[in-house]
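Below you'll find a set of structures to go through.
Two complexes come next, and they have one chain in common, subunit A, joined by subunit B in the first and subunit C in the second.
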Partner chain A sequence: MSGLDTRLACKPADYKSDIKPIWCPGCGDYHVLMSFTRAFAELGLPPEQIVVVSGIGCSSRIPAYTNCYGFHGVHGRSLALAAGLKVTRPELTVVVASGDGDGYSIGGNHFLHACRRNIDMTYVVMDNRVYGMTKGQPSPTTEPDFDTALSPGGTGLRPFHPLVIALASGANFIARCFSGEPNATASVLVEAIRHPGFSFVEILSPCVTFRPDESEWKHLVHPAPVAATSDPGKAARRIMTDDGFNIGVLYRGDRKPYAPQVGRPSVELSELEKDFEL
Partner chain B sequence: MNGAVGVPKITSLADLFAVAYRIEADAVERYELLADQMETHNNPELVAVFRDLCRAEKIHRDEIQRLAGDIDVVTHARQLPCWGRGDSPEEVDLGAAHYMMTPWHALQMALEGEKRALDFFTSVMETTEDSQVKRLAEEFAEEEAEHVNLVHRLLRRYPQPAASWSSDPDPPIAQE
Partner chain C sequence: MADRQSVSIAIMGSGGAGALTAGNFLLEAASAAGWQGLLSRTVGPQIRGGEAAALLRLGTQPVECLSEKFDLVVGIDWLNAHRFGAEIQAGPQTLVISDPRGGELPPAIASAGARIFEVPFKNMAKAIPNGRANMIALGIAGRLLGLALDLLSKVIEKRLSDKGEDAIAASRAGISAGFDAAAGLDFGLRFAPPKAQSGRRWLVSGNEAAALGAVRGGIRFAAAYPITPATEILEWLAPNLAKMGGTLLQAEDELAAINMIIGASFGGTPALTATSGPGLSLMIEALGLATAAEMPIVVIDVMRSGPSTGIPTKSEQADLNIAVYGFHGDAPHLVVAPQSIGDCLFTTQWATYLAEALQTPAIVLSDQFIGQARAAIERPADVAFIGQRLKATDIAGAYKRYAAAVNGISPMAIPGTRGGQYTADGLTHTERGTPTSGEADHAAQLDKRRDKLERFNFGDHWATCEGTGDLAVITWGSLTGAAREGIEHAARDGVEASLLAPRLLSPVQPERFARALEGRKRALIVEQSHGAQFYRYLRAHYDLPDEVRVLNRPGPLPIRSSEVHRAITEWRS
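== the complex of A and B ==
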């Protein structure tokens, strides 16, 4: 890590690495990266106290583009990695980055249980409703009539509703953002990171290459008409009935985060190994 | 892009300097990003255009800092509220970038940004009751008007490309 002092750490540029992103021009993930660095600057955290963990996919490249600690993990397993990290190093700020394929399909089960455990970390899913890195296959959030050669006539499958699932599974903070509004997204990220427990932020992030129709999202998004609630019942009704383009914090829970005490092992690893010697 | 929704309130010269500084700094960040994107995607003509625009914005940013004198614009800008949902006026729309875009498109993006900045400073000038803020906003508006003219002049060098500019004989959507 570089030896940045606290003052320098407060500029968004100081959270960016020297590696240039290779996303397609026009990709929403550029904005998300900008929101990350603006949020970190707003929080004023030294880069070495932040860890960005990811899985696999276009969105999961983000740790390399930040100047924080990073872990570009296994497909769908970012939350498992991050949970282990946060439990053992609770003083660190852990932000997990994923996409709709990595997060909801390959990592779907981890998503449920991360919400349920409510460990104090922030999960950011850049949802473009397609597997971009592998050339445009339908993801769990793709519309049923998304018609391509890989899914002729569309999959016909009902899309996954991540916010409802997060709420039902126990996430303590739920928000939806649009990548094209980096300042607003950065503000939500700041709040999500500060909120105790598991915070889930879905960012609608257009894939201009495989979903050019998503360029229209900038005209469809709108601020949530009502303030966030801490009542899960109200939140469920709102999230279930909104149009999917409601932007802002939608739910702020007050569940106590799960923070198990991790002490020194009672048995040394070398002792355990002896039991398994052949 | 949703425009400058939730514009920061300007009540003093320090606010105006800080906001002007942030506008230019944000523009520098965007043009740098776009230049890097085009470098990655091997579009050297666009790299040059975006680097030039970035350089110009950096000069404006540094000039504002110099004019602000003892006012710490960097710190003050950080303390001011951001532009609500939207971007600051000169932030070009990254979502409008395309790997086959031409200098004409880049300059159109820049033109839109300069026009938004002009509108912003004009609006400050017309609405403030502080005479010093009014005078400075007027100066900034004049500068932005000059930038708009400059981009128009640059556009004369680059005619609008044919409608087929984005046609790629080897498109990324291979399965369609």
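== the complex of A and C ==
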């Protein structure tokens, strides 16, 4: 049972780097980092077999704070970068971290296609309903009446519903978590990483600086009253009609992940030029 | 007939008439008979109902460009032929094959004083069950070129094998009818046709050659977003990467494609994408990321006329600026340009090798002319350039991904390597990869990325340097063949000129360039760009002779060897 031995040897601290996060004191993302390291320890994965990929924004700072391999890329493109990595290195565990601006606005198209492609990876979006790093502009999940310098009086626009979009686009696992519950979040992350295909975990993660009102979230969140379904129709109705604070696994699909065979050539390199020979 | 012992043939028709098919079959049969040459396609933007022409030039020696005038123009019909404008020119020596029911001759051909020979393609095709006019055109062109009927028949059998016996029989009958129609026609081939050659011959497009070069250089992953005129690279790679144990992902857009290949490269797999100007524009931000994070990737830009959507199906050399200067920040990277259809193989293979060795992105500037043209060539020689990345393997102590090194190249840890964990970052970072805003780290990493390119020995492949004349013709990319031929023709007039065509456009090579221009008193810059981008690039980086002239023109009309020839001889007198 060498697998069990390895697992016992792993502590959350083994997955944390020595770099001090630059998040604001009280930011929900500290708890998300804690959930990441707890989940990795629970899975017992060697840190060098995990890659955390991100884009730009407060939440996208997370890779460097782990002791895993990481890629902090450009704004909005983390899912594409992760797709190229995972299909060529299928044995690695790939976790993508994003926020509501990075993931739903500039990266919105990649979100649709990552769900559709269903490559075996886990997508974590820390949603605080605001652009934090650029100091408080509305994001696709911001309420219509949220007053900002860029949107005086509010945008007047209906927020985007990421979980429904994920379901409609083909995500194979959908969950909602709250950063203030790191143990529960870690358990969901463990399940998301183990679940084959594209797993989408939205984590409500308050922005204490630009959305102090979100400190109320700890009173609003509640466990999902019914067990997760594998029926997309039921899942759609539930996700569309819940209050947005329903926490837990909401959908488990059984679509086959996209995983092309790689590694072993079936012909010699010199064979390829036969296409061109007369 | 052109000086270089070559013959130029245009087969044209409205979209769907099969002009390109006839041209491709003719090239294949001619190649089997020992001819060398190329077929350039020129088409409108429509999938059907537009205009299409196969422009062939065949010779007894290698052929790398089209000639100015055509010796034979076969019009299957003339319905949209006026849209080619000056692309297809005839002269008094030209033989034009025309269907009296095929519509009006385009003005450029009608006014040339060419010999017109009428062949009722449509009626002849109707007389053959499932007959098609383009096969009759093929028979005529084949006979005038001196090809055996049997040879054309073999090409039909090979290429139409999946269409069934009826299709093969109909095509054969069409070719025979064309052969008969051309009986007694005097074409006046003024040199002996080549003898069938024993060496290994290839029939390959620049796009296919580039794709093979990439795989030979070590590419095992590609991300693909379709775009004219680059798609054939991706379509060739899809099945062939799979055979090599690699894979191709179709991306949702070019933004995804470029990031996918960065991800694959981070995982240790040499990776490529291919695109054209609009796609390259979208990829620029992530190309900067690959530069900053030191991720080797290869991007092939098959240039088309721009800006914006431009002329998607036709060539231009106007992406030089964006390729060399398009990145924000100071972002040294590689830009190389193939010089012929066959050279697409070498240059892309070399680019892959360089990107991997230098841990930086390489842009390959091909263009529609060489990318989509098909050449009958001798098999290119094998070269030893195979991507080898310096990797960190046995890691003891704190790993510094971006550690300073004399040559600027630091060992890269690949995920899975214990102790090598680091975060690749587009943020300015320390040697360890940790984000920083400090000026010392910023300068140190900028220096590192500059030095690794400046201190690398690129060897003789950096440029093609030929001849000794004190007039230097300086060109690049697909115009190299036309420039070389223009110089040869000028030499026959007793005017010596030399050729300098850099294959490596970035980083610049001032010392090598100065040596190549030693003793040159005049420079003729030849390029296909309205804004003379290449001339301005040369002015920015190199010392040019005192006397400089520029022969530049936008796409899509190619610059012909005859124009280079004229520019050289006129300058001398």
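Note that in this section the second predicted complex is superposed on the first by the 252 of 278 C-alpha atoms of A that agree within 3 Å, B and C clash if a C-alpha of one lies under 4 Å from a C-alpha of the other, contacts with A are read in each partner's own complex, and residues count from 1 in each chain.
As a working rule, a residue touches a chain if its C-beta (ideal position, glycine included) is under 8 Å from a C-beta of that chain, and two chains touch if they have at least 3 such contacts.
Please read all numbers here as calculations on a predicted model, not as lab measurements.
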Which of subunit B and subunit C A:264 touches, first, second, both or neither: second
Contacts of A:240 with subunit B and subunit C, given as first, second, both or neither: neither
Touching partner for A:34 - first (subunit B), second (subunit C), both, neither: first
Partner chain(s) touched by A:49 [first = subunit B, second = subunit C, both, neither]: second
Partner chain in contact with A:157 - subunit B first, subunit C second, else both or neither: neither
Touching partner for A:226 - first (subunit B), second (subunit C), both, neither: neither
Superposition-derived comparison: subunit B or subunit C, residues of subunit A touched: C
Interfacial residue positions of subunit A with respect to subunit C in the complex: 19, 46-49, 51-53, 63-64, 67-74, 76-78, 80-89, 91-92, 109-110, 112-113, 260-267, 269, 271-273, 275-278
Residues of subunit C touching subunit A in the complex: 28, 31-32, 200-204, 208-209, 212, 215-216, 220-221, 223, 236, 240, 242-247, 249, 251-253, 255-257, 259-269, 271, 285-286, 289, 293, 379, 413, 415-427, 433-435
Complex contacts: residues of subunit B adjacent to subunit A: 1-2, 29, 33-34, 36-41, 74, 78, 82-88, 93-99, 101, 172-176
Touching residues on subunit A, where the partner in the complex is subunit B: 10-13, 20-26, 28, 30-31, 34, 41, 135-136, 148-150, 179-184, 186-187, 206, 208-210, 215, 218, 221, 223, 247
